[in-house]
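Lettered A, B, C, D and E in written order, each chain numbered from 1.
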């Protein structure tokens, strides 16, 4: 795994559009988006609510099909219907940790599902694996017998991550994985995600609207506004030299706690006003 | 400085099937007239229950036990007859809830709900007059097409719109005290920032006192004059915003502050789940000169 | 002289589910009440005595197989049309053509002829002694009116006026139909132009309600909103009404409660087994069960196959009783061992009383060591199942009565071998001697000879026991004190024909009601 | 086309499909009910040839799909055939008996909604307290005995022991029946301007309607309570409480209406189910309704009448459901304004 | 488990419900020991003591053929409970499967299954029962089949509605993304979340099923004499009101106790299940 080609795109999104038709309304959720996700990287997708972030995630996961355009995985055209091996390769962590876990199944059962479906390990081995997975996301193994209601929000989100990892995916799409959590828990979960990525050599597509989070976890950033990709570059550039006024506005909206942040933000805002 | 709201040694326990569960361990806090006070702490630390006690919502439940004093405008809420306490709600005290979309009734349009709210102050107000007042209030929160919003249902409006509707409602009766329970955690950052600005302007214009509840110190820093930090039902630190931010005294406060991801980078700090030091005694920052 | 205008009197009574207004189809009790009041027959039974008296006919004569009736000339139908011999011929032909209800009574009639306006002659295919008795079941229909109202149908007579007559009356009776809702009620008014005098005391209006629940009747009568109950009330309800002050009316002598055994199904194909069961039946408890008050009961002890008072019946003190020892003896000679029995005792869902008899029998038979199973059947299902011997339950319970008052109409349908396969004959009896005696009973013309034949028949039917003769049935009605019904309370006024007691013109409404 | 109109059109066309399904089902069912309709109609003494003739006439010898074809052809002319039981066209019978049942069920429905829902609201508002427990006990009483027994008990209580209500029928014998316009006595008497008849008919309908409604009242109360208790946990109720709205107003306005949406479907189904179950109550109160007619024709295997009656009852059932759907659309803005929002 | 019990026990109403169910089940199981006249459940007639109001030793009075009503009611619990359990244990799985399939799979499956449900819902139950009786022997077993035929559509409707809303939940999406089969998602993921609604309806239905036996026996289906059955006892006794009131009142009370017990516990169970463990 160490010899990964860091320059080859895992995902290649080529000129993809997605239009939803509901009744008489047509919603252009994505408009000619082209994007590459590099192996082993964390790509942050930011943008305000309704800008098409989740739609992109749904296309990557095969939940929806693009209206026009194509998706390539490792250079191969992704089929509309995902086979089990393809499903196994790409996993999702959802925004709402409460609804993403079945309230009436134990944490263990939810984790076992992935192992059973993909036939990972033997019967006895699976049980141990569940424990190992929980420990990997920083939870005691005996949580396997708990129900989601008996977990805090942060713990639930860790379980959701563990479930995604259970399939041993190469790519994990995280759709606002921490926005329902309080700051302390968010920090813990983010840290865990970061460590996991490094440990397992994962590729992340990290959807969020919080640029503060992005700064600390992402390698590259894609900024969406109303279904269009308005800016894409590496994290450092986005924060020190954002090209797009919308990106600047996003940065300036972040609540800050320290004076150095204040300085950074002020400098960005001045630029905006100039522009 | 007279306190509009003065809470002293408030405790709260819930009686459950597995025995009693103490949630507040004797907290004291006060809010002066025109002051914006923040109450910060992690999820489950007891912020919302405090707010609900101030409104008298929890005392009415049979599974709760409350002790301590809550004084509002010089009157002891506990000693007050239930009716009188009831009368304060929606008039002298109002509250903004965390999740704007689900806090508006899904089967009534905004104007009907606004009308109900306005009737709290002026029971005889007609629907038409209420609409006028509501439209004004909505304009105050920078909603241009007030008419359309008034005729809409919560699910037809964006979260940010709903949040503004809630703020407009909460301020419509010119309350003396506004309780804002994590307004905007459910919104995206840009909208959240906008609403904070709006709220600050409005309360300053109307000299409303605010008790601002949040788990995000960053948000608090933008908004509050003074901050209380609460940890597991205890106030652990208290002081004027800038003093507290420039010199956080309590380990827990420091942890909170560190947890906010910074746009300057620096990685994600390691936050312990629990630390002995979080239970250290309260740190009080002396008030700087009377707030302006 | 103008009599002071009396308040109109209303009589309210009820019957089971539905009233058939078409006289050609009338068969059950409710239909009979309608028929006897809205239509007239050539003869009617004599009151308090055997035999028949002229009614629409003035007189009649029999000559071998020809019966000639002289009709009254003063009878007008309710439509105003005069009643003539043509109408009589039409009525008979209509009945025969429809083939429903009691039309089988006229299967022996070869033809009817109108000799002149007031003379009609019936020619029979073979001698038939009870023919005069059958005439109480030939209501005379207004031919002209019917012909004017023929509905759709094939042939010359189209539907024979069925559509019209199911909702309208075309009779000459003492009462005219003012409204008829087959499910709810039929309302009748006194016919001012009736050819006989109707006493003033007779009710002006009669409301015959259908399908009332026992509890409803119970309440209605107690509240003074109902006058005569149906006979189908359970004894307990009748008793409760009597305790509340209602009078009890009775009508008796034409039928019985019969427990019929399927003689085509083992083990009941063996007379010994049947005899064992009929000896085991607890006749005394049966009578107790149907007692309403110490004096009034829904039946009296049976003495044999023919109810007491009917031609060929045993004397009333010669009652049947259970005899366990005899039963055991019979059972010993029965071919099948008692432990191999599994008798199916059916009861008709619409008659709750039968459930109790089923239980009684089950208990009685159990004393012999005979196992049985109880099976509830709605009437329609029962009527369907008895059409084949293999589907017919071992034991069926039926109330059967002589529709004309003559034993022939009671027994022939039940026991004649060719008549098997109807609801009346779930025995499927096939006994040459019984057939012979039944034929003798209907063809012998002199009364004494007939009595002799039926006596023998009675004895034979006891000997081969196709049936357990439960009790002689008596209909009991609860009535308010607003009404007096001599035909149902004074034996010397009784007609001895089911339903005839409800001749409204003979009833008296009490003043001040 | 407004969403409501679209909804109505969709529901109507679905109902037609369902009705066709019902007609096929009932057509088959009617033919497997035991008993030979011709034999039952002709009586026990008819000869085999007569039975055979009638069977020919009724097309009973044809394959069932051919019979169904005849049925559809006649149906197109509004002809449901002749009832063997009343010897009248089935349509005449239905026209005569249907209004009585509809009237009864409608008034029962008014009781069910008018009593059941308020009881449910009270119960939810005082959940866990004495009033709640009492209402729960009372509403279970309603479902613990069949409507037949309730009918008898009510009749005894309010007509026998305490003669407050009339016992049987739709209207007193002494009162001239209003001109038949709609067949609904309550409506016809009003059309005649005859208030004596109106109040008399109203007086007659109360007990049977109540007996019929009892189990529905219980169910409506339980359902309303359950859904409202859930609604009480919603954030918007806490918000209403924080504004100090009166508890009664919160219950009746803010909590009730949202929780009505899920209960309404079931209440509607219960309401419609009364159409088929009214026969026991109709029997006790001598109510000349269609439900009772239906049972009679089933027992007599009157094929045309069975098919006709069941079709009419099913159609009523579907109509009630459509009305309920429209009501829900009216109450629930999400449906009324379909596609207007996010989510 | 402990929590479930604690919640049940903490509410006097549900505790009372548990007690009532206990009484009913105990009666059914130990009828032979409780009933003062066990032989009266069968073909016994006693015309020296029939139709009598409550008196010693017939504390609930005697029926129309002289059997002890109290003993018969005790035994009737057996058959009534059996009836309820059997009917529901057939109707519920059918209804649940139909509802799940229609709600989750959608499209044509939804259309066909739900229209079929509508058809069955809109045909009056009695007609359905008659039809079953026509094809099959009128035995108790087939009677139960008939009740089942009229019962499943209600569950189909209920489960359909719940499924439609549950299918929107994140956990369903999660299972799909993992690649779980449709069967797994329907039965292992969605079904457990329908359980509270199903349980609530089932506890209420148990009483209805007991009552429906009375309309069935009206048609000759269902329980046959002399086996005691509460529904038929109530319905038949109704004819003898008000005079022989004990014939109706005691069996009705017996049904009430059962219905009541199950409902109280059902309410509490809903609370427990609904509270996500």
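FYI, a residue touches a chain if its C-beta (ideal position, glycine included) is under 8 Å from a C-beta of that chain, and two chains touch if they have at least 3 such contacts.
The model shown is predicted, which means the values in this text are computed figures rather than measured ones.
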- Message: On the document's contact criterion, could you list the chains that touch chain C and likewise touch chain E?
- Response: D
- Message: Hop distance check: chain B to chain D, minimum number of steps through touching chains?
- Response: 1
- Message: By that same contact rule, can you tell me which chains touch chain A and chain D alike?
- Response: B, E
- Task: Pick out whichever of the two, A-E or C-D, is joined by more C-beta pairs in contact.
- Result: C-D
- If you take the mean of the Cα atoms for each chain, which one ends up farthest from chain B? C
- Message: So, comparing C-alpha centroids, which chain is the farthest one from chain A?
- Response: C
- Message: Just the number, please: Cα centre separation of chain B and chain C in whole Å.
- Response: 88
- Item | For chain A paired with chain B, centre-to-centre distance based on mean C-alpha positions, whole Å | 31
- chain B and chain E: spacing of chain centres that average the CA atoms, whole Å: 50
- Shared-contact residues (touching 2 or more other chains) in chain B: 158
- Task: Among the residues of chain C, pick out those that touch two or more other chains and give their numbers.
- Result: 213, 215, 218, 378, 381
- Of all residues in chain A, which are in touch with two or more distinct other chains? 50
- Query: In the complex formed with chain B, which residues of chain D make contact?
  - Reply: 128, 234-236, 238-245, 249, 253-254, 257-258, 261, 331-334, 337, 340-343
- Query: Which of the residues in chain B come into contact with chain E in the complex?
  - Reply: 17-18
- Item | Complex contacts: residues of chain D adjacent to chain C | 34-36, 39-40, 42-47, 50, 85-88, 96-97, 152, 155-156, 159-160, 163, 167-169, 173, 283-286, 288, 292-293, 296, 299-301
- Item | chain A-touching residues of chain E, taken from the complex the two chains share | 169-171, 173-181, 184, 188-189, 192-193, 195, 275-277
- Which bits of chain A are touching chain B when the two form their complex? 48-50, 152-153, 181-188, 190-191, 194, 209-213, 215-217, 239, 249-258, 260-261, 264-265
